[in-house]
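Next up: some structures, all given as structure tokens.
Two complexes come next, and they have one chain in common, chain A, joined by chain B in the first and chain C in the second.
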Partner chain A sequence: MSSVVEVKNLVTSFKTQEGTFNAVDNVSFKVDAGKTLGIVGESGCGKSVTSLSIMGLIPMPPGKIESGEILFKGQNLLKLSQNEMRKIRGNKIGMIFQEPMTSLNPVFTIGNQIEEAIKLHQKELSSKQVREKAIDMLKLVGIPSPEKRIDDYPHQLSGGMRQRVMIAIALSCSPDLLIADEPTTALDVTIQAQILDLIKKLQRELNTAMILITHDLGVVAETCDDVAVMYAGKIVEYGTADQIFNRPLHPYTKGLLNSVPHFETGKRKTRLETIPGIVPSLANLPQGCRFFDRCTQSIEQCKVRQPELEKLEHNVACYNPVKQK
Partner chain B sequence: MSTPFIEVKNLSKHFPIKGGFFSRQIASVKAVSDVSLKIQKGETLGLVGESGCGKSTLGRCIIRLIDVSAGQILLEGKDITQTKGEELRALRRKMQIIFQDPYSSLNPRMTVGKIIEEPLIIHKIGNSANDRRNRVKELIETVGLRKESIDRYPHEFSGGQRQRIGIARSLAVEPELIVCDEPVSALDVSIQAQVINLLMDLQQKLGLTYLFIAHDLKVVEHISNRVAVMYLGKVVELADADELYKNPRHPYTQALLSAIPVPKVGGHKMKRIILQGDVPSPVNPPSGCYFNPRCPIMSDECKTTDPILKNLGSNHEARCLKV
Partner chain C sequence: MSTGTTATVEQNQVSSAGVSLWSDAYRRFKKNKLGVVCFFIICGYVAIALLTWLGLLGADFSVNGPDSYAAPSSSHWFGTDIFGRDVFARGLHGTRIALSIGLATSFIAIPIGVTLGAIAGYFGGLVDDFIVWFYNVVESIPDILKIIALGYAMGRGISTVYISIGLTTWVSLCKLIRTEFMKHKRRDYVQSAMAIGASHKRRMFLHILPNVFHIILVNLSVRFITAIKMEVVLSYLGLGVEPGQPSWGIMIDDAKLEMARGVWWGLTCASIFMFFLILAFTLFNDALREALDPKLRNK
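Take a look at the complex of A and B:
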């Protein structure tokens, strides 16, 4: 089976007053139909820039895609004109953003906003059909009495409901690829459970490929087939969810997993394991491995040369990976 | 049992909604209703719940940042509900707060030194400017920052470091109780762990009492001795942390616990209970048990009778007709 999207050696840079930095540096991954790839990492590690690069939404300037390929069903998105890209964006590739409060336009009804996406990409439908389709979409994402709700404004809906509307817009043109950038971060746990459940169910029904971007390892473990861990612009580890969570090879991945408090009764009041220090600024990256000064098991080589993603049990960029028991 | 450090009795806080002609009060937001709880000296009480359940309001009422509508707050047995003026200010030395957002809770125009010094000036601690500066340096080191940070501005620090500055500021007056209002929710995971460790170390070293407010149940479980779960302004379950997580009795607590995504692939997992609908508005709460419109085990009785907090033995209380 060929992949829906394949990113090869993507480099995206931003020009700032202090110089040009690669926010995404030589990143490669692929996602198959019906599968979910999770991209995890801390703030500023380049996960959102990766998704915006695929969508062609990097503001240029100051941003620039320096090199690499983004193959969407075999077609290189980076070679397309703005016009051609517009036909794909929102149509073949849908996106859900983090903030359901700010990503809807407050002066239009939610019906207007869903219809806009349908009208743009499915010009053969009449206005009546478009409205019917919008109501169907609202029904699909579980909004009660959609015939009435379609004329509501965003402020009349709760956060969870707004996120459902965003999902309805993203899925209205049955995309082949759905990019969800922190779709549940702004929501409460019980609402998060509802939304994740909904996304998974719809993905199964529509056989959509999905890229889920999040910093919540729990969400990744529950929803993703494959996982890419990013650190300071690079993918440091890439494998199946089972490999990443049960047999992590990179010290950063292991550190991340250990720093989350687990439900382990009886073991209360012990200190959490931490990763010392903070993420290096992109303006000031070390010469060798970017994780070097926070790493507990670095060796001489790490200081000098940057490790590249290598296939061990699964892909990892580390000279001294975690030993498996 | 000895007198609890803080005892809250039937506390309620209603915010008026004004509108109409002459801005009369037309309704009220029942942010906290009829909450009773105790915090012993040196322990950590965790307070969890979803947004809008009144957990921050409760925290702010307890340290008298806002006035209560009804009920009593006792500090070491003394009623502080109506304390005013100079007396209230003296009280503030005992109770401090750490805020959620390390970006907006520090004045960007003041240096770190000035920020931490301010409470010392207000409470007239330290004899000279030099004295105070030494104390500030000491505090900066206590929270794990470098002494040189004293003359830098907040924007020069990362989120985790700013949160440390906020902690240093609250420690300046040597308080006994600190209300931690979502202290780690704006931080990245690896930084979260550092701040949680710091809070636990400080508690051990200085014998602090914490009221730890958070929506992240995993963090609360880790740091708390006892945990109170709030829903729509009411405490629905209160128990020792171990007991609550092992043996949740209220259907809301059960759903909340099961909804947490666990960073584990394979192995045994809790069966997920997915609640329908949203949290109702605290302006117009449902009749009977507040949780009944979303409750999976609701019966007719729940629509009419508002349950009380029932004692289930071994320090475990739940507010449900079915337990």
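Take a look at the complex of A and C:
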């Protein structure tokens, strides 16, 4: 089976006052239909830039896609014109953003906004059909009495409801790929679980490929088939969820896992471990491994040369990977 | 906005359906009594303008009477002018001219200001540099000089007033719209509009513009004040409407000669008409601004 999306050696840079830096540096991954790839990593490591690169929404300038390929069903998105890309966005690729409170236009009803997404790509539908479809979508994402709610303005809805609307918009054209950039970060915990279940359920029903970006490793463990761990613009470890969670190879991944509370082990830890140190500035990266300063098991070689992603048990960019017990 | 509390009431949240930001603003505007009164005063002026235009009111404004410079009396509330024409009737007709200038100049200036401001703010970069340079050049010449220059070039007449004021007073709106667009283009809702495949034009005029519409509305109301004052100045300088026309500017200009003979009613009549219209617009404008202020929304 061929992948829905395959990113190959993507490099996206930003030009700022401190100089030009690669926010995403030589990133490769692929996602198959019906599968979910989780991208995790600390704030600023380039997760959103990766997803915006796929959507073709990197602001240029200051941004620029330096090199690489983004193959969407075999077609290189980076070669498409603005117009062709617009026909794919919202139609073949849907996106859910982090901030449901501000991602809807305050002056239009939610119905207007779902209808717009449908009308932009399904021009053959009559306005009555469009409205019916919008109501169906609201029903699908679990909004009670959608016939009434459709004429509400965003400020009349709670955060969870708005995120449901955003999901309805993203899925209104049954995309082949859904990108969810921290879809639940802004919501509270109980609602988070509901929203994730909903996304997961719809994704399974529609057999959509999904890229899920999150800080929450618990979420990744529950929902993702594959996981890419990013650090300072690079993927440092890439494998199945099972491999990453049960047999992490990169010290950074191990650190991330240790900084999450384990409930299933029974014995409660008194203190969570943290990874000491800070992420190096992207504008001023070390010559060797970017994780060097914070790494507990660095060796001589790490300082000199940057490790590339290599296939051991699964892909990892490390000269001295964690030994499995 | 607190996400913490709203989410817990998610399922059972009740709300009155269809409360748009506009109806909210309307509700707040209604609470401002002075604003409402001013709104009705403006409506009164509009009614006068329409009625005089249809010839149903002050129809005798250009009929020469037997007595020149008659003092105010019960038949001529504000006396008569040099040709024995009823001053009050001319004052009424002045309303028509004043409002038509406000309206016509808005039709010219608002599209220019909004389009240039939107393009500059939205696209930024070189386009922005060029537009900023352009309005800085336009602005560096005082309005009155540009209007006079255009006035001389086109000759005297009401259409000159429309065009010259219209072509020169778009800069302040353009600046406001530009900054608003710079602010809004980075908002999340614009990014999500991009994500559903909306074009630049669609994002600018369908998504952002409705969000900054209140600025245009407030500006429209300010424009009337400027335009009315400007007409008076232009007419006084001999560049405004033709002398025979019953505009307030012409009436005030005529008063130069009249005052020497102790004829005060022409000036008084025009001033009173102008005073109340400008006062009403100013107060209405404040109320409007308050009602539409996004910071006060949902209060």
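Definition applied: the second predicted complex is superposed on the first by the 317 of 325 C-alpha atoms of A that agree within 3 Å, B and C clash if a C-alpha of one lies under 4 Å from a C-alpha of the other, contacts with A are read in each partner's own complex, and residues count from 1 in each chain.
The definition used in the following text is that contacts are C-beta pairs under 8 Å (C-beta built on N, C-alpha and C of every residue); 3 or more make two chains touch, one makes a residue touch a chain.
A quick note: this is a predicted structure, and the numbers were derived from the prediction, not measured.
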item: Partner chain(s) touched by A:Phe245 [first = chain B, second = chain C, both, neither]; value: first
item: Which superposed partner A:Ser158 touches (first chain B, second chain C, both, neither); value: both
item: Contacts of A:Ser43 with chain B and chain C, given as first, second, both or neither; value: first
item: Touched partner set for A:Thr190, first chain B, second chain C, both or neither; value: both
item: Which of chain B and chain C A:Ala317 touches, first, second, both or neither; value: neither
item: Touched partner set for A:Leu57, first chain B, second chain C, both or neither; value: second
item: Touched partner set for A:Val219, first chain B, second chain C, both or neither; value: first
item: Partner chain in contact with A:Glu273 - chain B first, chain C second, else both or neither; value: first
item: Shared chain A surface residues [contacts with chain B and with chain C]; value: 158, 160-161, 188, 190-191
item: Chain B - residues contacting chain A, complex; value: 50-51, 158, 160-161, 188-194, 196-197, 200-201, 215, 217-219, 221-222, 241-242, 245-246, 255-256, 258-266, 272, 274-276, 278-279
item: In the complex, chain C residues that touch chain A; value: 1, 3-4, 6-11, 13, 15, 17-22, 125, 187-189, 191-199, 207, 210-211, 213, 298
item: Partner chain C, residues of chain A touching it in the complex; value: 55, 57, 61, 86-91, 94-95, 97, 99, 101-109, 116-117, 120-121, 144, 148-149, 151-153, 155-161, 166, 169-170, 186-188, 190-191
item: In the complex, chain A residues that touch chain B; value: 42-43, 158, 160-161, 188-194, 196-197, 215-222, 241-242, 244-246, 255-257, 259-263, 265-266, 268-269, 271-276, 278-279
